[in-house]
Amino acid sequence: MTEPVYKKIEIVGTSPNSFDEATANAVAKAAETVRNLSWFEVVELRGSIADGKVKQYQATVRIGFRLEEE
Amino acid sequence: MTEPVYKKIEIVGTSPNSFDEATANAVAKAAETVRNLSWFEVVELRGSIADGKVKQYQATVRIGFRLEEE
Amino acid sequence: MTEPVYKKIEIVGTSPNSFDEATANAVAKAAETVRNLSWFEVVELRGSIADGKVKQYQATVRIGFRLEEE
Amino acid sequence: MTEPVYKKIEIVGTSPNSFDEATANAVAKAAETVRNLSWFEVVELRGSIADGKVKQYQATVRIGFRLEEE
Amino acid sequence: MTEPVYKKIEIVGTSPNSFDEATANAVAKAAETVRNLSWFEVVELRGSIADGKVKQYQATVRIGFRLEEE
Amino acid sequence: MTEPVYKKIEIVGTSPNSFDEATANAVAKAAETVRNLSWFEVVELRGSIADGKVKQYQATVRIGFRLEEE
Amino acid sequence: MTEPVYKKIEIVGTSPNSFDEATANAVAKAAETVRNLSWFEVVELRGSIADGKVKQYQATVRIGFRLEEE
Amino acid sequence: MTEPVYKKIEIVGTSPNSFDEATANAVAKAAETVRNLSWFEVVELRGSIADGKVKQYQATVRIGFRLEEE
Amino acid sequence: MTEPVYKKIEIVGTSPNSFDEATANAVAKAAETVRNLSWFEVVELRGSIADGKVKQYQATVRIGFRLEEE
Amino acid sequence: MTEPVYKKIEIVGTSPNSFDEATANAVAKAAETVRNLSWFEVVELRGSIADGKVKQYQATVRIGFRLEEE
Amino acid sequence: MTEPVYKKIEIVGTSPNSFDEATANAVAKAAETVRNLSWFEVVELRGSIADGKVKQYQATVRIGFRLEEE
Amino acid sequence: MTEPVYKKIEIVGTSPNSFDEATANAVAKAAETVRNLSWFEVVELRGSIADGKVKQYQATVRIGFRLEEE
């Protein structure tokens, strides 16, 4: 079997500034330990509040990467 | 009963600039009248268009806050 | 029948910078060929990754516009 | 912050006659105590049965209204 | 065990006139062969078109009824 | 290839009176420019409010029609 | 055709004590009239309230059973 | 009332070969005991694995059939 | 208008012991400030973990209550 | 603006043989009138039944294609 | 980048007694091999049946844990 | 604790021929590195297009396997 096969993992990135940055942080962290990252899908946006203001933007992303040939 | 209990309210924040700001505006407005805001969940992103451009970003967020002891 | 009727189309905008810009790009592109754009709804946020970083933010938006009288 | 902010509440209207009337009743009841009602979204349609006939049409609607400036 | 137990069945009613009537027809038909009908939930609204006009309104409803003691 | 193929478009009909009429208006408007309309699916029911009353019922419907042979 | 085929039915069990018991009651009731029950899926949890307390836990479960050879 | 009314039942077909065959098996089995089968909707695709290979494709289908006049 | 109208609020109950107790706590807390509570719907089950064990069961419930005549 | 923008259309392909072929037929038909087709997403699988057997497999697919520069 | 990042894994716990225990078992098993478990989300409740009774409660939970600094 | 516990992983298999083969490829690839694979659930079907034809069928499957005793 030589057809490409991918795996998805689910990562929650955070940022004090924006959902874009939270997403980018999730991807960057995954890249520390996984190779061949290919695409991501945002599945949830939420966050924490402190003193009546957004304290942390949180983006849950599913990240797909190609599995290497054995 | 002394276990913490929370309530969620649903607020739609708006911004001419970004979904992040729309989200932040929703939280800030809720903070004017409710105490103990703890977290938020984005449940819908939409907006209005004028002259072929995004006029307003709208973020519907559910905001959770701890109910105080009676 | 003179009640207003709208049509929705589904456009995927992209941006190297943010979901807000991807959304705005989708709306701007639709405005090139369709008149009376009125509102949009974000239905999916995803993107591509290259070299372990977000390469492209992608926002799928449904865009509504009023159909003109025949 | 002067951007408009809205709140949504969830009301279940009922009617012996139709879902339209159940929806209208939900809106009318909300208007008794809340100002600036702006739009509604139907989120559930159900009802009760008696003697093998529809006894009550029930429409659950989320109703949005603009929060006033403090 | 004497706690009440219910069963739900899924029926599609039709009407040339309205979704309310389609719903009522589904309930009435179920009542011909099942006793103790108690409530219904609308799970889908669709229909057929002929000559550019709505020909048939179709309401898929889940109908709940209490199961009798053995 | 001679198997039938269909396309779906998404139309929002409106009515001051009922969801049934809003649905019918969406279908009728689509029929002005598209032939072979075959079926519709209601995907969203919402509306606008004015003076504490329902001002406009809005029905978003996906309408399917058969594509003609090339 | 000798491949196994299953049917699912939807039952609502109730209990004054817990969702687990409501689920078990749904299964036990189905077993009174159907053989070969194999698995269940919880699709809804709700209940009734009286005097400010939970009066009845309700679990809607889809129950699968193998259809016998004709 | 002479408008057509339909009932849906939920059947899980299986096949060692494909989802298409699993679907066809579900329909064929239903046809053994129910008349007037009209359409089906696939609501879930899953299966079992043995020795690291797909052992059984499983297709859950809702099957609609017209109820006869009483 | 004399048809009954209900409002739903969304409460998150917690418990160190079970989802049933978390649900009951949500209802009990709502009953401290709202009258005529009638039914509840579980919309989310989650919780927190400490030292590798469930620390807190959390049940988000929508609680319906009848609005009184003005 | 030179970022790529895509449009999605929703097509229902049919086949007497399989969902794969129904999907392929939807794509092939779209290719008759649209250029730059890039990807597809299956959003619904259903079909018609005749004489107790599957008569037609139907696959609803959303098909994405890149919009050309104006 | 020093913002916290989390990963979610999906575990199915089982119990002959209750969904609470099935959930707790999923968390406890995950804790055997993963550190910093922080929260869980129940995404599915189902189970197996034997002799007309619930044999096994199954809870599918997504478990989040903080990724450590590289 | 001796109750069985399972883990699910999410794999995307591909095939130039069919969704069945894409699904089988996902399972086969997972079996290269994970033991005790037990079941799978299809969660998404999509694909790529080239020259107006389906180039690649893609099946996203969640695959469950039993975790071994520590």
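Per-chain residue numbering starts at 1, and chain names A, B, C, D, E, F, G, H, I, J, K and L are given in the order in which the chains are listed.
By our rule, a residue touches a chain if its C-beta (ideal position, glycine included) is under 8 Å from a C-beta of that chain, and two chains touch if they have at least 3 such contacts.
Quantities reported herein were computed from a predicted structural model and do not represent experimental measurements.
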| item | value |
| --- | --- |
| Angle (degrees, nearest 5) of the CA superposition of chain F onto chain J | 120 |
| Per Cα centroids, the chain farthest from chain I | J |
| Centre-of-Cα separation between chain K and chain H, whole angstrom | 32 |
| Centroid spacing, where centroids are CA-atom means, of chain D and chain E in whole angstrom | 23 |
| Chain centre separation (chain F, chain G; CA means) in Å | 38 |
| Where chain D touches two or more other chains, by residue | 9-10, 18-20, 28 |
| Pairs of chains, among all present, that meet the touch criterion | A-B, A-C, A-K, A-L, B-C, B-D, B-I, C-F, C-J, D-E, D-F, D-I, E-F, E-G, E-H, F-J, G-H, G-I, G-K, H-J, H-L, I-K, J-L, K-L |
| Complex contacts: residues of chain C adjacent to chain F | 1, 3-10, 62, 64, 67, 70 |
| Chain C to chain A touching residues, read off their complex | 17-20, 44-49, 52-54, 57 |
| Chain B to chain A touching residues, read off their complex | 18-20, 23-24, 27-28, 30-31, 37-42, 63 |
| Chain A to chain K touching residues, read off their complex | 9-16, 22, 25-26, 28-29, 32-33, 60 |
